[in-house]
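Please go over the structures that come below.
You will see chain A twice below: alongside chain B first, and alongside chain C after that.
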Partner chain A sequence: MSYIAKPKVTHPGMPKNKLGLTARDYEGTVSTLCAGCGHDSITAAIIQAVFELGVKPHMLAKMSGIGCSSKTPAYFVSQSHGFNSVHGRMPSVTTGANAANRDLMYIGVSGDGDSLSIGVGQFVHAIRRNLNMCYVIENNGVYGLTKGQFSASADIGSKPKKGEPNKQEPIDPVSTALSLGATYIARSFSGDKEQLVPLIKGALMHRGFALLDIVSPCVTFNDHEGSTKSYAHTREFYYPVVDMDYVPPAEEIKAAYVKGEVMPLVLHDGSTIVLRKVADDYDLTNRAHAFKYLRDHFDKGEICTGLLYLDESRAEMNELMGSIDTPLSHVPLDALHPGSQELKKLQSRYR
Partner chain B sequence: MKPTDTSNPDYFHKVVDCQWGCPAHTDVPAYIRMIAQGEFSDAYMENRKSNVFPGILGRVCDRPCEPACRRGRVEDKPVAICRLKRVAADHRDDITARLPKAPDKSNGKKVALIGAGCASLTVANDLAPLGYEVTVFEAMKTTGGLMRTNIPQFRLPPKVLDEEIGYILDMNVDLKLNHPIESLKSLLDENFDAVFVGTGAPRGKNLELPGRYDSDRIHIGIDWLESVAFEHVKSIGKKVLIIGVGNTAMDCCRTSLRIGADNVKVMARKPRGFFKASAWELEDAEEENVEILVNHSPKEFVIENGKLTGMKFELMEYKVDDNGRIDRGTSVGEKIIPCDDVVLAIGQDNAFPWIERDIGIEFDQWDCPVVNEKTMMCGREGVFFGGDSAFGPKNIIWAVEHGHQAAISMHRYCQGEDIEDRLPDGMNLASQKMGMHEWSFSNNYDGAPRRLMPHVDLKERFKKIDIEVELGFTAEQAMQEVERCLNCDIQTVFTADLCIECDACMDICPVNCLTITHNGEEDDLRTRLRAPAENHEQALYVSAELPQTGRVMIKDEDLCVHCSLCAERCPTGAWDMQKSTLLVPYAKDEISDESAQPLAGASA
Partner chain C sequence: MASVNDVVIKIGTVNGTGSASANGLLRKAIFRMGIPVVGKNYFPSNIQGLPTWYEIRVTGKGYQSRSNRVDVMVAMNAQTYAQDMAEVEPGGWLIYDSTWPRSQMLNRPDITVIGIPFSRLCNEQFEGARARILMKNIAYVGAIAALLDIDLDIITKLLEETFATKAHLIESNMQAIRLGYDYALAHVVCPLPMRVEAMDATNGNIIIDGNTAAGLGCMYAGATVGAWYPITPSTSLMDAFRSFCERYRIDPKTGKNNYAIIQAEDELAAIGMVLGAAWNGARSFTPTSGPGISLMSEFIGFAYYAEIPTVIFDVQRTGPSTGMPTRTQQCDLISCAFASHGDTKHVLLFPADPSECFHTAVQAFDLAERLQTPVIVMSDLDIGMNDWMIPELEWDENYVPDRGKVLGAAELEKMEEFHRYLDVDGDGIPYRTLPGVHPKGSYFTRGSGHTKYGSYTEDSAAYQGVVDRLLVKWETARAMLPKPEIRYAKQNRIGLLTIGSGDGACKEALDRLTTQNVGLNYCRIKAFPFADEVKQFIEQHDIVYVVEQNRDAQLRTLLINDIGSKQAKLVPLLHYNGMPINAGFVVTRVLEEIAKGQAA
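Presenting the complex of A and B:
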């Protein structure tokens, strides 16, 4: 929290995107989170990603629940739509919004408490539906907003600032999403924007449920020694598996990759994801293999990061439902509301 | 790159672009903050410390600080540094009690200063309070040198000159007017312990073209301005051509308009962009409807029946290469422009007919004495030069700085100390944090554009020759203008050990100054920063390796607006905002004098 707002002055040499906007045009109000919070860094990565993609602000919807993490949509893209819902209920609100308007790009920002503690039921069903959205979990292992109680993602043995270490099994959002059939699964770290920004771009452009589990240290309640979600611990056990770049449609892929083979994956809109495998023994298209690989490394205390699973073939929710393309707000009222006679006809079909 | 060595006072000094750009290193942001607090007398004294003539310089300084000012890179226009200096002078209270005084007792040493221009006066200002018996020899009937004889009164009122020169003469300075020195040799034979030559560059350049000596209506600019100042010349013809487009030309054209001319043309050999005059002097002349004709190279004076009727010019065309260099041009035609008078304003030369060539002073091919740039001493021990006399025509603020340096040397010389072994600059740093989000200075960025100086009405101003055109800022203007200063002396200071690489500072910085990345060579690093770092004049501040990843924190000093947000957002205090104070030694600080103390913070 600062007393002055970030001044409007900008570097005269700032790049502009295809809409003629600079990254500064995608900012929101100044953050009220603790100085040094990982969440703020993720906010900056989201701003960079939507700037680079050239997202039209009015075509973006920011969805969230409750928590420090859930506050952050206020800090990016002020000119977009947003819905700050009840604790843990962001997935169902987004489901409704997405059913009503498929044209918008949905980004949900949640916390480990919001998604894995109170909201775990909502979270898993959103995955099952393959809701077309980018779902960000800003994972700090604690309830930051309520002063640092352990959340459902706290690791066994992780020490709190005061009191006893955690003894319960953590819920790992990545393996949960893998088992439920999410179609774009990644893990990253608020302190690694080089990896994070392309992952967010890919997640926004992916058709279907894209999960980003982002380790995001809570500087105030969970950045001490003995915490497994601190800056220092995350860096020490950081284990990049697959790095990626997002290449928009019609842009040439520059073959400047040194390590690992280049395996471009084409997304539904013609854009490409270019992978740079850091670990040669990883296959991000094989669910069973990925599951075992991640578990083995988790057992060694390592934090696997990068794009961990991708499947472009599965239909997203609206396609599965066969609902209409047009946003409901664009459907004429008489078509949208055909009257009680039509309703009766419909009901009679199921008698 | 190696971690930046911030213990060298030059590093943080250079961040304060205006102060670095000022030859006398005036602490600009410090005095601007004093003005902001309404402490005009303090602001005046802060200025006087380094530039000696705040009232004069607040009007007519060449202001190298302004093109250097960071604000001019962040947006179009620099802070009106010079005009704010005048605000300090205009609104000061009586500061006579705060001026340095000559002690009751002489220190037994005598110094002679030749010329009563700004260079000599600065030497007197620095040495008289130390007990020196100072004698100033001036050829003319009055003090001030070119400031009085050449800078027109509509830019610099005599009252301002008298007041600030008076402060110095009042320190028991023995002023001998109408006393030209005609032989340096005989002066050296008198028993002075040191001699300072501050005689300026008194010879206006001539233009040897056909017809030059066939009319008395062809004038040498600086001599003509002097005649106007002393009221020997009170009128000029209706149509006047000024040859040359430097600052002297600007004063000549504007003076002409005040003594009878109604059609004044400034004739430039080259196109715009290659003029010597400062942008603001050109603006002021053009505001008075002076016409500037480009690409006219003078060829001959046209004399008909013994009378000057015009001047013939070659019309030129130039090529400018990719680096902005202009060629010598080719003539594509000729043109005669009618006129009644021509004023030559094409530069000045040094001339020392009164200095014997056999007294150990070496002269170069341009007839300039060979002078050491640091000590200001020439080949003859005990003889020092400064101002225009030392290295050719410059400006007032350079003459002042030369005066300070010469005074240090003269002091050391008279005390029998090595003049090379001077005190180095020092630097103090002090945190400005007052609370969680509170700083001791106005850290928010104020987007207000530069205030415009109000001028006397275009009809009014020509009525008399001494109507000062610039009115000075109003109180409201001054209060708005001070907020434009970015407080560049409040430095961002980094402690690598404390950084946890959370990126908070990088993300909040409005101008993307900060980057955490892997180290490399400077050229490579400059391509990997978060905003283009193409201004190689501005340093990259490179940290030691960061504890968690071994990467480095890099700050491109170019566009920092000193908003303190990096320091506010840093959870560990790795960034702090610290005020740098440059400690510039003057003669009074030199250790040889018992009463003087070594400078605090000065590093050997």
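Presenting the complex of A and C:
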């Protein structure tokens, strides 16, 4: 892999967002992933989402671990700081970063190996803390960089390019997150940008831990017949449950919806998520129901997608810890200790 | 044996019976009489029911280290009675609970055995099993007070301070003190020939453990994010930081916290949190011990290569592996100096006592931010968890924190382009930016190969340029770190060299050796990489005894490796049984080595 800067060519007619920036301003360096990789589609969806939201680039922090997925933060928003950490440890870095500066918007990009094998400990504990971040798992069921070994999300019976089908139970990030109390849980497909972009927007604006489990086929090692993470398989068993639109604060809900099929949900910052139910028997505010529903459909081989669970009521990590509202890293150091006189006084107990 | 203000009292009890507060009371009372005193804990890795000891060294001369003798043994634990008796210095005393008969097999004609029926006295006086056990401990404080001539008024005053809001406890505790005190007066000739006498040598001093002092230092340094995973013997450092923060870091307007303490799921996560917070500009730290260092190593290497200020406290315990978690050693020197795979090396600081723990904590944050690299404060269980007498801590109101080379929004605005890893100033330290400040400041922090501009590379020259520049920074660090403490005796060809908690034992040994007409020059190293002064000190001497607390002479290895010291002239004096090093050990080993040298 090498570093290739993208030529900066901006068409004068390109649409601009509320900051006066074009989608080009949210791009990164040229991707070095395989042609047709699902991850690149997700990168494009992230760019569209942050462009449309009008995120200030320097207020976005891009976090990742190791793997194909974890390279992608270099491919979007060059004007944001990125932290490409060590394998499976992106959640802890994001936890510390968020404790130090809660004003930034955090997007973490991880993979199924990074989050469900080596990093499963940090993944579950970040959920437990309700870390305020958008956590993307680009889920392809295999290790790409080491040439095609199964990951922990591989389904039973899924066939590798070479060797025996997988026999072990997969770890499903969505049901794991449900059981741990994540507050925004969605699943999508790299090939469905229409569904994906609003889900990313909602996840970025949600206060608390937002999980996006995105099936993102590996064209080189896991896109063959018999794989359950291929484009063809995902399209065939794709089962949208709840689609959504994201409406920023103070903006009118304009799209025409059929009454009864839509449900607006107001997020913490005043923006709105308009849910369009595809399956009318699904309730995304009921954890037990959601769990059973998803499990039943999983057993039928169906991949339920959309916004699958939402709870806007729970406090995020900094609120739970009782931290001040301003970022801790902005407090001047001399305001953080009581000075020489108090040091003298407090030592009376050591005499 | 007769002496004044030179006595070692060792108390053997069962852990979980509340003896810690009784022992603290005794130690404080002696200190309040103006007599320097040292308190050492020898405790099991256990919650309740196993043997535990507290050793109080009354040292009129103000020595810091453990003594290797016991003059007065208070053997309250039947389980360790034989062992405790064996440890008493000939001519010493042993006090035991004579409520129950003891085996006549366990006699020693060369010591005086004093039986006091603590249990019977307390059972007659107090109701309830718990009260009786607690009061039995207080009663032995009373007995020792009579035997050593400790001022009873001072004990009363200490109890009044401790139980200021619980008057009934003052009364019952004083009753227990009296039980032991009066019994001893009535049955033994008090005071013993070894006794204490009021001095004026503790004014302006405090007694504190190193972890508390380090936690206080972190608070004064302005650390806002502490992440940790509980591990003995470092846990009390974060406990102390938390308690200081709860007192001094609550925003008066909102009642919210000016700090974040995160108990991580493991050390892998704790260090990741420290890195994330430091990357975002907060002063952040983690306290840990050897096993934690092993787990943190991958991220320590990342911080070295990606150049993130990182402060770690390693309160060392006995290794390898789980080792003896409640015993002390200096056994992580090499694993910390080179933590992580690849070519990495890290700045180490070696505090020698709690006073230095406080000041080194502040210094560690300054150095980490100045050098943009991990700084590991190498404390140990002896410093961290034992009670040391040190001069009262002082805070310099003129202290200006060193936040290092961080570019602000205005500077970035003026720049055409920012490149993260350029050595602009020639000192090997590049400029960094914080997220959320300015779009021009953005860069991609990575542990993968990178160019001086910060971008990914697999190009040999570009890669090597960056890792070579890190060596320039290493030399900048060497010049910037604390200099060694060096003391010259009358001209001598032999040097004595140590680090950290070896200091007290070495200084006391130097005094003792001087009385035997053996003069040694002394060097105590305060930081790694080693200052030029260390190199000069070693070059000045034909022989240098290197005193350290591990089996493999790790400090000696670092000296050979870092400054090319001649292997043959560095003679290791190694103390690694898990107990704090004492002056007697140093004296004995020095004399042995000198004798060997003369024979040769």
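Simple rule for what comes next: the second predicted complex is superposed on the first by the 321 of 351 C-alpha atoms of A that agree within 3 Å, B and C clash if a C-alpha of one lies under 4 Å from a C-alpha of the other, contacts with A are read in each partner's own complex, and residues count from 1 in each chain.
Definition applied: a contact is a pair of C-beta atoms (placed from the backbone, for glycine too) under 8 Å apart; a residue touches a chain by one contact, two chains touch by 3 or more.
Just so it is clear, the model here is predicted, and its values are computed rather than measured.
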{"item": "Which superposed partner A:Y231 touches (first chain B, second chain C, both, neither)", "value": "first"}
{"item": "Which superposed partner A:S313 touches (first chain B, second chain C, both, neither)", "value": "neither"}
{"item": "A:G121 touches, of chain B and chain C: first, second, both or neither?", "value": "second"}
{"item": "Chain A: partner with more touched residues, chain B or chain C", "value": "C"}
{"item": "On chain A, the residue positions that both chain B and chain C contact, one per complex", "value": "1-3"}
{"item": "Footprint of chain B on chain A - complex, ascending", "value": "1-4, 6-14, 24, 34-38, 40-41, 43-44, 190-191, 193, 217, 219, 223, 231-232, 235"}
{"item": "In the complex with chain C, residue positions of chain A that touch it", "value": "1-3, 29, 56-59, 61, 73-74, 78-86, 89, 91-101, 103-104, 121-122, 125, 129, 318, 321-325, 327-331, 333-340, 342-344, 346-347, 350-351"}
{"item": "In the complex with chain A, residue positions of chain B that touch it", "value": "73-75, 437-438, 443-445, 447, 500-504, 506-508, 510-512, 531-532, 534, 548-549, 559, 561, 563, 565, 568-572"}
{"item": "Chain A-touching residues of chain C, taken from the complex the two chains share", "value": "28, 31-32, 205-208, 216, 219-225, 227, 247-249, 251, 254, 256-262, 264-266, 268-284, 298-299, 302, 392-397, 401, 403, 433-448, 451, 455-458"}
